[in-house]
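Presented sequentially are two complexes of subunit A, the first with subunit B as partner and the second with subunit C.
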Partner chain A sequence: MSGDLLMQSLVSGLAIGCVYGLIGIGFCVIYNASGIVNFAQGAFVMLGGMLTHVGLKTWHLPYWAAALFAVVAVAVLGVVLERIVVRPLWRRKAPVFVMILATLAAQIVIERLTFLLVDDQPKTLPVFTDLPPLKLGAVALSYQTLWIVAGSLAIVAGLAVFFKSTLTGKAMRACAIDREAALLQAIPVSRMLALAFALSAALGAVAGILLTPTQYTAFNVGVPFAISGFIAAIIGGFGRPFGAFLGGLMLGVVQSVAILSLGSGLKSAAALSVLLVFLFFRPAGIFGVAK
Partner chain B sequence: MTNSPDTISPEAIGKAFAPVPRGLGAILGFAPWLVVVALIGTALVVGGYISTVVAFALIYALFVSGLNVFMGLTAQVSFGHNAFAAIGGYTSAVLTTAYDWSPIAAMGAGLAGALALAAVIGWPTLRLKGHYLSMGTLAIGLITYEIAVQWTSVTQGYMGISGIPSLGIGRFEAVSDRQILVVLTLTAALGAWCVARIRRSRFGRALAAIAGSEEAARALGIDVASYKLASFLISAGYASIAGSLFVHVVGYVSPEVFGLHMVILAFTMLYVGGIGTVVGPLVGALLVSMLPETFRGFRDYQDLAYGAALIAILVYAPRGLAGLAELFRKDAP
Partner chain C sequence: MTQGSRSEPILEVRGLAASYGHVEALSPTDLRLDRGELVAILGPNGAGKSTLLRSIVGLTKTRGEVLCEGEPLPRGDPVAVAARGIVLVPEGRGIFGPMTVMENLRLGAYRVRNGGEVARRYERVFDLFPRLKERLHQPAGSMSGGEQQMVAVGRAMMADPKVLLLDEPSLGLAPRVTVEILETLRRLNAEGLSVVLVEQKAPLALELARRVHLLSLGRTVAVIDPREVKTHDELARYYFA
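For the complex of A and B:
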């Protein structure tokens, strides 16, 4: 019996881990393009679910159109954030913690605006496929879990193709390796930064849309997601998008086992302890040297 | 992480040895002190509601002054000093309500606890740099918050602890608004004076050297790790005392008091006032506390205003109000 319970919580851990992984990839994409850690990442996740809900309930759009609208709107917001907050600081070569603080402040501004423009009620979205969960032995597997896992894997595969085969993707990788050298190769480095914010914001929004049907979204869910995504990125060795995805899976599993054994009250404390263990003993992540 | 120049704060360098300003610069240099004196004076004379606001501001001023030692003078970063305020605050609250300790003894116990924790976590944490240090300290603050929520047998969780006695030493007890205000003003002034002394001392110069470049400081024979830890301990001590003062003045404590909000508010104050200066934390804390009072009808807009103001200051005025004087000094021949 407890074996089944463990399997069940591993399944849900892997599903939430996929979402953490997508958020972690968002951190890495921006970090690689600019050396910046963007703490407004959680706001993108929150807005993904929230804007889809607004499109669905207030404007009565079809589900796919609402989701598409949300992703595009959040990507645009990512670029706006880059233009008005990040770029002036980046130009001035502001210290790292000033950048973290500014993006954290942006997170709060977005949160409060959502609170004022929508409301403070938790909202959820309908599941994508409304069928009873699959039964694998005693383990129930909901269709939304499958959507999360499949969607995340598809995105990771898409990103792999993008970074490996397209000119833009290669240019972004070049920026990650050496920005000055990239500039000398006539790569528009500052446009890459804007693109990185758009991409990372869109990733956050997709993560939010995939996850919201299984949980709920509210104006203040962003910061915990940002922290989980950051932990995923640290575990994977900061700046390695696919490491971050695996890191997310690992964090999701650790967290769900912690909930099972310690109770749900300590799940954030468990995640943060994982972070501290990695920071103190293995700051380069599980896959080797820090960048 | 590397110790590249952009992980440290250029704002903090060289402040300790700035020449005495003249003319307009000198007047603007005194202006923040005048603002501080005027605001506290008004609160003392008028009393009532404004004195409550100024009392909170002074407690925050102490907290931010400590943070300034670590962030302004040493150019490190901590998003987790709310942890030390929480330890000070909860120790005071529990010992004075459940065990009938005197406020001063409880404050001392809280201080000892905060310093012990700062020493234990400071050792591994302070080896980190840049965003690793930011996240490590943020995690410590968040874990402390979770513990305050979950450890209900001691902290009563979200319910909080109420009925905490007011401040007092021996038979003297600060009960009226004015008495509290006087005690807090003296404490904040003492705190600021200590920061001024630290900044001008041999110790402070070592911190400034570390702020400039850790490698260069090490090459000069400065024991970087020990000085950073000492700076961390000092700022944790300030935070702990501020936490204790807070619970005695309010008479109530709950985890929300020492949440992430406290960190953001303290950073806003530090940047509004001017990081790395002695008067900055005082004037920043007072102004930032007064500001929302003028828009008191719009509680929902407060965090929005804080966030937007913080972004604007970081982008356009990174040295805060106390840095205004230097703006003019640069123009002078």
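For the complex of A and C:
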């Protein structure tokens, strides 16, 4: 295989990896706040692209307004999900696996509603910057790839500032470390849980909006994204947002190199192999400290 | 916030009881804490001391009532109780280990958004525990047990509490550090802070407290005046009375 092809595939692997990373961070934020693995995370990604499409094509909003509408709407949906699905179970002290199954059910409901309210046709979005790709030697770098990478890095940096420097961010970390101790400081733990769902949902939506111009979206794209984001989070050592982002990058690169060398049929096999390798040999993730 | 009358106890516990499943860990218990008083709760392991403190702040399901300055505290809502200024330093300290000392302290004043007020409270905590000032940016979990307890008490003081509840602050600490922490507690109490102190080490509690509740098997078996109990033997008599 030629060096240029390999470079090309690394570039596309890093771009898709950023998206997996954002989804993985979404998993971690909710897991840290609640102990729940939220499998409706994929629905947020799908809705990000889908609602932007609706805003753009049906309501004729400007692109940025459609995207903003999608992110806000999905964040609100995240809070609604927390209120009507997670919190009642939480109050009843339902076992964690029941809550996880409930998020999976929510994923299916959202998928079906999208199918009924929109349709089953794949849709795409225009690229953000409509210029021919940059050429770095023989490697082509599309502007959308740059948007994906720059947008994801900006979000990761923003999250770092949020968790490190704001009181609300610190309170969310405190809830993840010791929920009971957080309660004793009068930190409104249940409001932090709603905030975690809003944040994760918004992250998923942004991931969907960034990625859709390079692919397509349809009512049923959510689950594969959820699985990739979940694997990214596992690689990062579940519950570590920045580990999950690196995990996403790693998964993206492994996948695209596998497609290049073994054919696209093996994309999922590569992802699941990475998952198994980590589950068997490094269950605590790349950073290796058991939680 | 309404101010109760001066003679009203700052904290009053009436018939407070708690169970884990079908096992009653705390039988209906009364406790009265006047403003500026320090009451100690003594008793062997498993007597229900922690359950009593956790029930007061609403961390366990309870029957009975808890009043602060004559007004009932909400039950089953620890955030609301903490917001009313009833602050528990739990057994095992409950510090946020991966976070820095400064972040731990800041979260103690979570409800305070005024920077100047937060700064004043930091200064007060540094005055109580000068050692924390040198360790501000260290992860709290990496410090010695005694320093972690200082973080826990300092964090509680950041809330400017009306009532401080302490669950075995001396647990696992070297005698010298224990004395240091209890001296700080004595000072806070002398400055007017109302305190409920749970201890297993009887001499320490007897020295500090105005009144001592003896707990055994979830019941208050005696309320004693420490000035009348000078020796261990006398204390033991109460246990076996």
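The definition used in the following text is that the second predicted complex is superposed on the first by the 290 of 291 C-alpha atoms of A that agree within 3 Å, B and C clash if a C-alpha of one lies under 4 Å from a C-alpha of the other, contacts with A are read in each partner's own complex, and residues count from 1 in each chain.
Going forward, contacts are C-beta pairs under 8 Å (C-beta built on N, C-alpha and C of every residue); 3 or more make two chains touch, one makes a residue touch a chain.
Everything numeric in this text was worked out from a predicted model, so none of it was measured.
Measured by the number of subunit A residues touched, the leading partner among subunit B and subunit C is B.
In the superposition on chain A, contact is made by A:Val85 with subunit B only, not with subunit C.
Applying the stated contact rule after C-alpha superposition, one finds that A:Leu113 touches subunit B and leaves subunit C untouched.
By the touch criterion defined above, A:Leu184 lies against subunit C but remains apart from subunit B after alignment on the C-alpha atoms of chain A. In the overlay built on the shared chain, the residue A:Arg282 is in contact with neither subunit B nor subunit C.
Looking at the complex, you find that subunit A touches subunit C at residues 167, 170-171, 173-174, 177-178, 180-189. Contacts from subunit C toward subunit A in the complex involve residues 57, 59, 78-79, 82-83, 87-88, 90, 94-99, 103, 106-108, 110-111, 113, 155, 159. Considering their complex, residues 1, 5-11, 71, 75, 77, 79, 124-125, 128, 130-136, 138-140, 142-143, 146-147, 149-150, 260, 264, 267, 300-301, 303-304, 306-308, 310-311, 314-316, 318 of subunit B touch subunit A. If you check the complex, the residues on subunit A that touch subunit B are 35, 37, 85, 88-89, 92-98, 100-102, 104-109, 111-113, 115-116, 223, 227, 230, 234, 265-266, 268-269, 272-273, 275-276, 279-280, 283, 290.
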